[in-house]
Amino acid sequence: MGTHHPLRVFSGSANRTLAGQVVQHLETLRVAHKAAHPEDDSIGINEPVTLGRCTTKCFPDTETHVTIDQVVRDQDVYIIQPCSPPVNNHLMELLLYVDAFRRASAHEITAVIPYFPYARQERMAKSREAISARVVATMLEALRVGRVIYFDVHVAATQGFFNVPVDPLTALPALAGYFMKPEFQDAAIVAPDVGRAKFASRYAEYLKLPLVVMHKRREDDGKTKVTHVVGDIKDKIPIVIDDVIAGGSVLTQLDELVRVGARPEVYLAITHGVLLPKALDALANPLIRRLVISDTIEQPPAVQSHPKIAIVSVAELLAKVTWRIHSGASISDLIEKE
Amino acid sequence: MGTHHPLRVFSGSANRTLAGQVVQHLETLRVAHKAAHPEDDSIGINEPVTLGRCTTKCFPDTETHVTIDQVVRDQDVYIIQPCSPPVNNHLMELLLYVDAFRRASAHEITAVIPYFPYARQERMAKSREAISARVVATMLEALRVGRVIYFDVHVAATQGFFNVPVDPLTALPALAGYFMKPEFQDAAIVAPDVGRAKFASRYAEYLKLPLVVMHKRREDDGKTKVTHVVGDIKDKIPIVIDDVIAGGSVLTQLDELVRVGARPEVYLAITHGVLLPKALDALANPLIRRLVISDTIEQPPAVQSHPKIAIVSVAELLAKVTWRIHSGASISDLIEKE
Amino acid sequence: MGTHHPLRVFSGSANRTLAGQVVQHLETLRVAHKAAHPEDDSIGINEPVTLGRCTTKCFPDTETHVTIDQVVRDQDVYIIQPCSPPVNNHLMELLLYVDAFRRASAHEITAVIPYFPYARQERMAKSREAISARVVATMLEALRVGRVIYFDVHVAATQGFFNVPVDPLTALPALAGYFMKPEFQDAAIVAPDVGRAKFASRYAEYLKLPLVVMHKRREDDGKTKVTHVVGDIKDKIPIVIDDVIAGGSVLTQLDELVRVGARPEVYLAITHGVLLPKALDALANPLIRRLVISDTIEQPPAVQSHPKIAIVSVAELLAKVTWRIHSGASISDLIEKE
Amino acid sequence: MGTHHPLRVFSGSANRTLAGQVVQHLETLRVAHKAAHPEDDSIGINEPVTLGRCTTKCFPDTETHVTIDQVVRDQDVYIIQPCSPPVNNHLMELLLYVDAFRRASAHEITAVIPYFPYARQERMAKSREAISARVVATMLEALRVGRVIYFDVHVAATQGFFNVPVDPLTALPALAGYFMKPEFQDAAIVAPDVGRAKFASRYAEYLKLPLVVMHKRREDDGKTKVTHVVGDIKDKIPIVIDDVIAGGSVLTQLDELVRVGARPEVYLAITHGVLLPKALDALANPLIRRLVISDTIEQPPAVQSHPKIAIVSVAELLAKVTWRIHSGASISDLIEKE
Amino acid sequence: MGTHHPLRVFSGSANRTLAGQVVQHLETLRVAHKAAHPEDDSIGINEPVTLGRCTTKCFPDTETHVTIDQVVRDQDVYIIQPCSPPVNNHLMELLLYVDAFRRASAHEITAVIPYFPYARQERMAKSREAISARVVATMLEALRVGRVIYFDVHVAATQGFFNVPVDPLTALPALAGYFMKPEFQDAAIVAPDVGRAKFASRYAEYLKLPLVVMHKRREDDGKTKVTHVVGDIKDKIPIVIDDVIAGGSVLTQLDELVRVGARPEVYLAITHGVLLPKALDALANPLIRRLVISDTIEQPPAVQSHPKIAIVSVAELLAKVTWRIHSGASISDLIEKE
Amino acid sequence: MGTHHPLRVFSGSANRTLAGQVVQHLETLRVAHKAAHPEDDSIGINEPVTLGRCTTKCFPDTETHVTIDQVVRDQDVYIIQPCSPPVNNHLMELLLYVDAFRRASAHEITAVIPYFPYARQERMAKSREAISARVVATMLEALRVGRVIYFDVHVAATQGFFNVPVDPLTALPALAGYFMKPEFQDAAIVAPDVGRAKFASRYAEYLKLPLVVMHKRREDDGKTKVTHVVGDIKDKIPIVIDDVIAGGSVLTQLDELVRVGARPEVYLAITHGVLLPKALDALANPLIRRLVISDTIEQPPAVQSHPKIAIVSVAELLAKVTWRIHSGASISDLIEKE
C-alpha cells in the first residue's frame, strides 16, 4: 500500500452497521490488493482489516464516556460517527473520541461524519444567531482532527469552515442509480425550494432529466407564503430531491406539484434519512410512491422494512475512499463535484 | 458603577429559576448602589436589571437552535447555564450561545456554569480516555468565551484548563451554614473517599469539626474492594460531604460508618444535586436524616418538597460576584480558597 | 453616542469617492444626533467626522507601502477598501493597513470591504484547488481584524469563514428600488444559473415578481452545455440579477430568454460593477436596455456616463451601519436577510 | 521496531547521569530486540543507541545558550531535562532546546521532564496568583513540543494543561519496592496532609498497608494550625510518602506521629529529591530511619553517600517507555494509574 | 485624560528604583494635567499615581512565586521588569506576573522591559540554535501580553517577533546628551563591529560627528581574527557606542583604536549596563575615561559610585510614554527612529 | 534516500526557468545516488524527478486561480515561487498554492521563495507602518506552510518572524566566485550604507578584501543628506554589494566613490536582480563595469544579453539543499552564516 502508519477504523455508537460494512469492504480491497501485489509487505498489509475496539458509555447522569481498547500509537485512525439524533450526544461522543485518540498518540485522526450535524445552520439566517455548523468545525479543529469526510452537506462552502482537508462525498450516484430505469424517462427532478436548485441540477444532469424548482413567496399580506412551481412538471413523474428529510415539511408540498399537472406518483431521493415520526406518518400520503434514502444514518427495523422506503448503501464508497486516502491515491473521481 | 459596557444577564434553558433570582438580587444591589451614590450616572445604572431576552429551541431532529432577541453590541454578557442533565444538550446550547453572542458583537462574554460538566473526567483515570473537562474548556475558549464562573468543581486544577480568567465559587458557606447549630457540635466531617479528603478538610476547618476519611482498598484477591474508615467517628454524627451526588454510590457506604461506631443519623452536604432516581430511592435508608444541596441545578417539585432534602441558594452569591466583576471590584473574599 | 472610543474612518486607494461620501453621511448623522441630544458629550461627538489621513504608496518595484498619518491609539477604526481589480494589490494594501492599525494600537479595526474578493472561490469546485475566499478570511483574522462588513457575497456561508463578527450588507434594496415603477409590473426576475436561484428569489419576493431560473445542462455528447429556461418568461420583461458581472458571461445568454418568449428588452441588476472591456462591449447588444449597478467599486468616467448604465449608491447605508455599530445600536434591519 | 524516524536521545545539563543510563538501557533493549528479530531492518535498528551531542552554555551575563551538534532532521527527539534547582535556568534551557530542535526540523520532540517544575502551583491557592504549572505547559506548547513525559506531578489534572499527549509516569513501584520486606508488615502509609491522601492511598493499596492522614487545622484563634492524625498509627512504623521534599516541612511533623503512638522509626518515600540544606539538616532527627528517593534529580556526592538516604532508579522504566513509544507499542501498564 | 481604565504601574523585583521614579514622574504629569484641565474628571485622574502592590518570592527550591496584592480588574496594568541578570529568574518572574494579571482580569497588560533579554540571539548565527529572542516573544504572547515597551534592542526587526504593538524606545538622546559639550567637537563615533554600524550612525547623525567602524576579519590561517578600523579616527576622541556591555569584550579592542591614531582617551556610551566583574576590571585600563550607561538596569552601589561610570536616567522618558499611551496620545516623537 | 514521502517540486508562474533547472539538478543527484547505492529502494528513488503539474490562471478580473494537476496526498511538496514584481500577484499565487496543497493533503509544504518579498519592511522605520515582512510570514504560517527557504533577505532576524523552520540560503559564494580572479586583488568591498556593513563584511572576509562603508548623514540644515565614505577606497576597484537593486539608488552614489579616489571602474554584486527601467538606464554610467546578479528572479532577454550584466545561477545550490532536506541530511554548510 506504500504507507507507513497502520490503518485503523473505529466506530462510535451512532452507526455500527455502516462501520462494519466499511470494514468488510476494506478487507476485500486489501485481499485484492495483496493478490495483485504479492510482493507488497508494507505495514499492516498482511493483517485482516477489522473494526477497532473502543467503548462508549452513557453514564446515568447523561455524561458520555469513551475509551479506546487497543493501542493506536502512530496509527492512522478513522472514526465513523454520523451525528444523527440524538445529535448533541453523538457529536459530543465524536469530540471525546478525537480527544482520546490524540492523547493516545494516534498519528492522524480522520473524522468520518456521514451525516454532518447542524449543516443547515451554516450562516445567520437572521441577526444574532450562532453559525452552528462552524461551531462544529471549530470544535473539531480545536481538538486537532486531521481530516473530515462527510456526505452531501447542505452548502458546499461548509468545506471552507475547516482549515484541515475535507473530502466531501455525495450519495448522489447511489441514489440516482435507483432511477436509471426506463420507467423514469418521463420524470423531472424537483428542487423543493430555490436553495436546493443547484443540488437538484446535479441530479438533473446526472439523469438527463428536466429541472423544476419550487419557490415559496410571501403574499401581499406579508404573512402567508404561497408555493410556486417554476418550470414544467406537467404529466411528469416528480422526483423530489433533498439532503435531509427530518420533519418532512417537503412532504406537505407535494399536492401543489399535482395541482399544476404532475403525475400523482411522487418519488423522493434524499441522502440523510433523519426520519421523525411526523415524516413517517406523512409517507402514508397516497401520492408518494417511494422514498429512497442512503444508510448514512442507522435505521430502525420499522424503517428498514417499510414498504415505501428503499435504502441504498454508501459503505463501499466510504471503503474505497478510505483505502485510497490511506494509499496516497487520488479520490478526485469519488468526491462531490460541481 | 464606574463601568463602560452595559451589564446583561441571559439564561439558557437549564435553570431559569436561578437566573431569575440572580437578576432580582442584582436589581436590589443596583437600587442600593444608586441610593448610596445618587450622583453616579454611569452606563445602565438608571435602568432596572432584567433578564435578557433570548430563545432556545430544540428542533424535532434534536438539533438545538438559539437566538438572541435584543441588541447586545458592546455589552457585557453573562449567560447562566448549569450543564445539568441532559448534559450534552445543555452544553451544546451554551456553546451556541457563546458563538451567537460573539457574532452579535457582545463586548465580553462570561459563561456562568454553576454546574460544570464532566468535572470528574479531569485526567485520564486509565490510558486512552478523553480528558473531557479539558475538552469543554477547549471548546469554550475556541469560541472565545471571556471568563468562566463555576461552583465546586471536582479538582481545583480545572482552573488551569483555561487561559481566560476563571472565578471558582463555592457553595460551602451556604451548605455549611445549615450545620452551624448546637446539635452538630458532636458531628464529624466525612470524606467519602481519599480524593475528597481535601475538600472535606475545608468543611472541617470551617465548622471546626474533626475529619474522617473513607478509603476503599482492594483486598488480597485483587478484586473485592473493602471500605476502611480512617479516623475516629465513634459516637459522632457523620456529615458526609461531596461535590455531586449523581447515582448516589456514596449512599451505599453509610452502613460502614455506623458499623465502626457512628451515630445512626447521617447528614449529607453536597453542592450539586444531580439526583438520579436510584439516588432518590436510596434516600429511603433510615440512617439518612437529611441531604442538603444547593440550587446550582434546577430541581423538580418532587425534590423540592422531599422531606429529607433541604435546598440552599447560591443566587445571592452569584449576584454579588456579578455585580463586583461588573464594577471592577474585588471578589477575592467570595471565591473558593485553600 | 454612548461610546468610548473615537470613530475614525480611513480609506485605502480603491474607492476614495465612496469613502468620502460615507464620511459626509456620517457627519450629517452626527449633526442630527447632536441637535436631538444636545446634552450628549460623549467622546468625539463634538468634532466633525472627517476622513482619516493615511497614505498608500505603490513602490516602483510593485511593493505596496502604507502609513497612517495621525494617531489612532485606542480609537475604533473603519478602513474602507473594496478589493476590486487589481484585486491582489487592493487586498494586500488592506492587509497591510490592518497590520499597521493594530501595531499603532487602534482599539478595534473594522475592515469594510464593499466588494469582497475571491467570493466565488468559496469551495473547491473540483479537487486540489484553494478555497480562496477562506484564504482571505484566514489572513484578515491572522492579522487580527475585529469585524468585517461586506456587500452581497456570492454565498451566505462565507460569514462562517470568519470567527469575528461579519455584517453582511446587501445592495438589493438600492438596486431593486430602480425597478419599483409601474412599467416593470410585467417583469420577471431571472437567475442566470441555478446557484443564483436563491438570491433571485429575494428580488422576486421584494418586487413581488415571478421567478425564472436559467439552467445549463450538459447534453448527450457530454460536452456541449445547453441553456434551459426553467419557469415562464413569456411576454415578460426579464430583470437578470447577479452579484458580480466581471467578464459578462451572463450577457451572452440573453438571446435564449428572448428565444423562449421574453420581451426583447432586458434589464440587469448587479451589485458589483467589475466591468471588463468584454462586458462593456457586450452591452452594445440591442436586447439590453439597462445595467443597474451599485458604487461598491469605483467606476471610470466612461462607465459613469455610459447611456445604458445606472449607478445607485450604498454610501448612505454604509454610513448608517457604521453609525449604529459605533453607537451600540441594532443593525438587524439593515443586513442581508433570508 | 517498525518505525520511520530515527530515535535520538539528548540531555540538557540537569541530569546527564540519568540520561546516560537511559541510553544504556535503550541500547540493551535494542540488542535484545535485534537478537529476537534478526530480520528487522527498520531505520536505526542496526546502530547503537548513543546520547545525542548538544551543548548548553551559561553565558557570564546569565543568558543560556544551546546548540545541537548533529543532524536531527526528520528524527524523533527525546530531550531529558528535569527542572530541578536552579529551576528557571533548567526550564529556560529546556524551552530553548525545544525551539532549537523544531527549527532544526526534528520530526517530533518529546520533552522528558522527570521533575516537572511548578507542579504545586497548579491552581490559584488564593486570588491573583499565576497558575505557574499551566504557564510551563503553555510555553512548551507554544514552542510546539510534541509530547511530554513526567513523573509523579502533584495533581493528576496537570495532564489536562496540555493539548499534546502526556505520559504520566510514577516512581511508586520503584520506591514501594524498597518496602516489600517482612520488616514492614506492621507499617502504615502516612499522607502528610489531606491533599496527599489519594497519592498515599495508592501506596497503601500497592503495599497492602493501612492509611493514615495528617491534617492541619486552624485553631480557635484563627492563627495557629494544629496537626491532627486521622487514622490509627499506634505501634506502627510510619512510611510517610510525598511527591517532593524541598524544604522538608514534612520532616517537622514527625514528632506528632510518635506522640500519638507510632513507633519512633520513621521512613519516607518521596519521588523527587529536591533536597535543600534545611532538609538535609532535618534528617539528623533520630526518629528518621531512612529517606528513599528516586534519581529523577541528579544528586551531589554528599547525598549519594548519605547514610540515611537510599536512591532508587527510574532509568530503566524511562528507557522502556521510550522504546515502546518509539515502537508504537502500548505503555498503559507503565503509566500512573488511579 | 480621556481614558476608561485606571492606570496601574507595578514593578517586578529587577529594578524597583526605576519603577519608583517612573511613578513619581507620572504623578508630576498627573498634577500638571489636572492643573491645566481642572474640569477633567476621567477615571483615576483625581488619585495620586502610586506603585501597585505586588509580591515576588523566590522559594528556597528556587521556584518563583508572585502575588498581586490589590484589585486590577478592568485596569490598564504596566509591569516594569528589565530582564537583567539573573536573566532567567527575572524573565520567569515577568511571565508569571503576566499570567497572574490576566487571570486577575486586568484590562490590558503592558510589559515594560527596559532591558529585553536574549536580544542578541535574534537569528541563528549558525545552524541548530534557538532564536531565543523569539522564544521570549512567543512566550509573552502565549500568555497574552497586550503591548511591549523596551529600550535599544540589538536589532530593530525584533519588533516583528511580536504580533502585539511594540514601542521601541531608545536611550540615545539621554546618552548622547552627555557628549553635547565643546570638548567633544573633535570626537568620532565608533561602532565596535560592523553589525553596530547602523546604530552608531544614529549617534553620528545626532551629534554631527564622523563615523568609524571596527571590523574583525579572519586572517589567512582561517583562525585568528584581526581588527581593522574602517574610517578616520586620527587625533580624535573615540566615543564607542553599543547596546550592552556584558563581558566587556568591546573594552579589549580599544588599544587598536589608539594604535591607528586615536587620542588615548576613550569614552563609551552604552545603553544597558550589564556589568560583569570582568568588565568592571577592564575599566581600569587608563585609556578609558568614562563609561556612560543608562538606568535600565539597577546598579549596585559600587557601580553607582564608580569614578569612571556616569549613569543617565530613562525614567522620565518612560513616564512620558506611559502617560501618553494611557491618554491615547501619539508617542511617535519619543520612539526609536531610523 | 531513507525517506517516506515522495518528493515533488512544483513551480508557480514567477520563475519556471529556475524551477526547471532545479529539477534537472535533482535528477542528476538522484541518478548519482542510485548508482552509488543500487540497493536503495526507498520511495520514489526509482522514478525520475520531474516538475509537478499545476496551473496558475490570472482571470480577466485579475483574480488568481491555481489548480494542482496531480495527486500530492502524503507527499513532500516544494513550491518554488520568488515574489518578484508584480509582487502582490506572485505572493497571492504562492499563498493560494499553499492552501491548495494543504487541502489536497500534502504531507509537508516547503515554500521556496528565492526572492522574499517586503524584506526591507522588516521593522517600522517610523511610527504607524506595517511590518510587511512579518505580514508575509504570518500569512504563510496561517495557511500552515511547513518550512521556508529563501536567499539573502535584508535582515537575518527575519527568520524569527517564523515559527516553522527557515533555511536562509545565500548567493554570496556564487556572486563572490565571479571576483576570485587576480584582477580583483586590489579591489575593496563597498557597503552602500551602514545597514549593509555586516553583509558587506561577509564578502570582505570571503574574498579577503578590505571593507568600505558609505554613510549618508544629514547636514546642518537638517535636510540635505551628504554621503561620506568611511574607510580607504583610494586606488581600489570598488565592488559594491547589496541584496536587491530595485530602483538603483545605489547606482547614483558611485561618483562619490571616485571623488574620494576609487578607480573609475565599479563592479556591483547584488543577489536579487529586481531591475526597474530606471536602474537599467543608470547602468549606462561609464563608471560601471559590470553588475553581477543571481537568477533568483527570472530576467527578460534584454537583461540576459545585456553587455554589462552577468548572471550566476543558484539552481544547483537549491537542488542540493532540497535533496539533503528530503534525505534528512545536514545542510549547515550550505546556509547563510555569520
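As written, the chain order gives the labels A, B, C, D, E and F, with residue 1 at the start of each chain.
In the analysis below, a residue touches a chain if its C-beta (ideal position, glycine included) is under 8 Å from a C-beta of that chain, and two chains touch if they have at least 3 such contacts.
Here the structure is a predicted model, which is why all the values come from computation and not from measurement.
Under the contact definition, chain C and chain F share the contacting chains A, E. Shared contact partners of chain B and chain E comprise C, D.
With angles rounded to a multiple of 5, the C-alpha fit of chain B against chain F returns 180 degrees of rotation.
The interface of C-F is repeated, with over half of its contact pairs matching by residue number, by D-E among B-E, B-D or D-E. By the residue-number overlap criterion, the interface of chain C with chain E counts as different, with under half of its numbers used by both chains. One inter-chain figure worth recording: chain A and chain B are separated by 39 Å, centre to centre, where each centre is the mean of the chain's CA atoms. Centre-to-centre separation between chain A and chain D, using Cα means, comes to 48 Å.
One inter-chain figure worth recording: chain A and chain C are separated by 34 Å, centre to centre, where each centre is the mean of the chain's CA atoms. For chain E, the set of residues touching two or more other chains reads 4, 103-104, 124, 126-128, 131, 134, 138, 163, 330. Taken as a contact graph, the chains fit none of the simple arrangements: neither line, ring, star nor complete graph. All chain pairs that touch, listed by label, are A-B, A-C, A-D, A-F, B-C, B-D, B-E, C-E, C-F, D-E, D-F, E-F. Across the complex, chain E is touched by residues 122-128, 131, 133-134, 137-138, 155-161, 163, 168, 191, 194-195, 197-198, 200-201, 204-205, 208, 210-213, 215, 217-218, 220, 228, 230-232, 330-332, 335, 337-338 of chain F. Within the complex formed with chain E, the residues of chain B that make contact are 2-4, 147, 163, 165-166, 325, 328-330. Those residues of chain A whose C-beta lies close enough to touch chain B in the complex are 59-69, 72, 85-89, 91-92, 95-97, 99-100, 103-104, 117-118, 121, 124, 126-132, 134-135, 138-139, 141-143, 244, 246-247, 274, 276, 278. Contact residues of chain E toward chain B in the complex are 4, 43, 71, 73-75, 102-105, 144.
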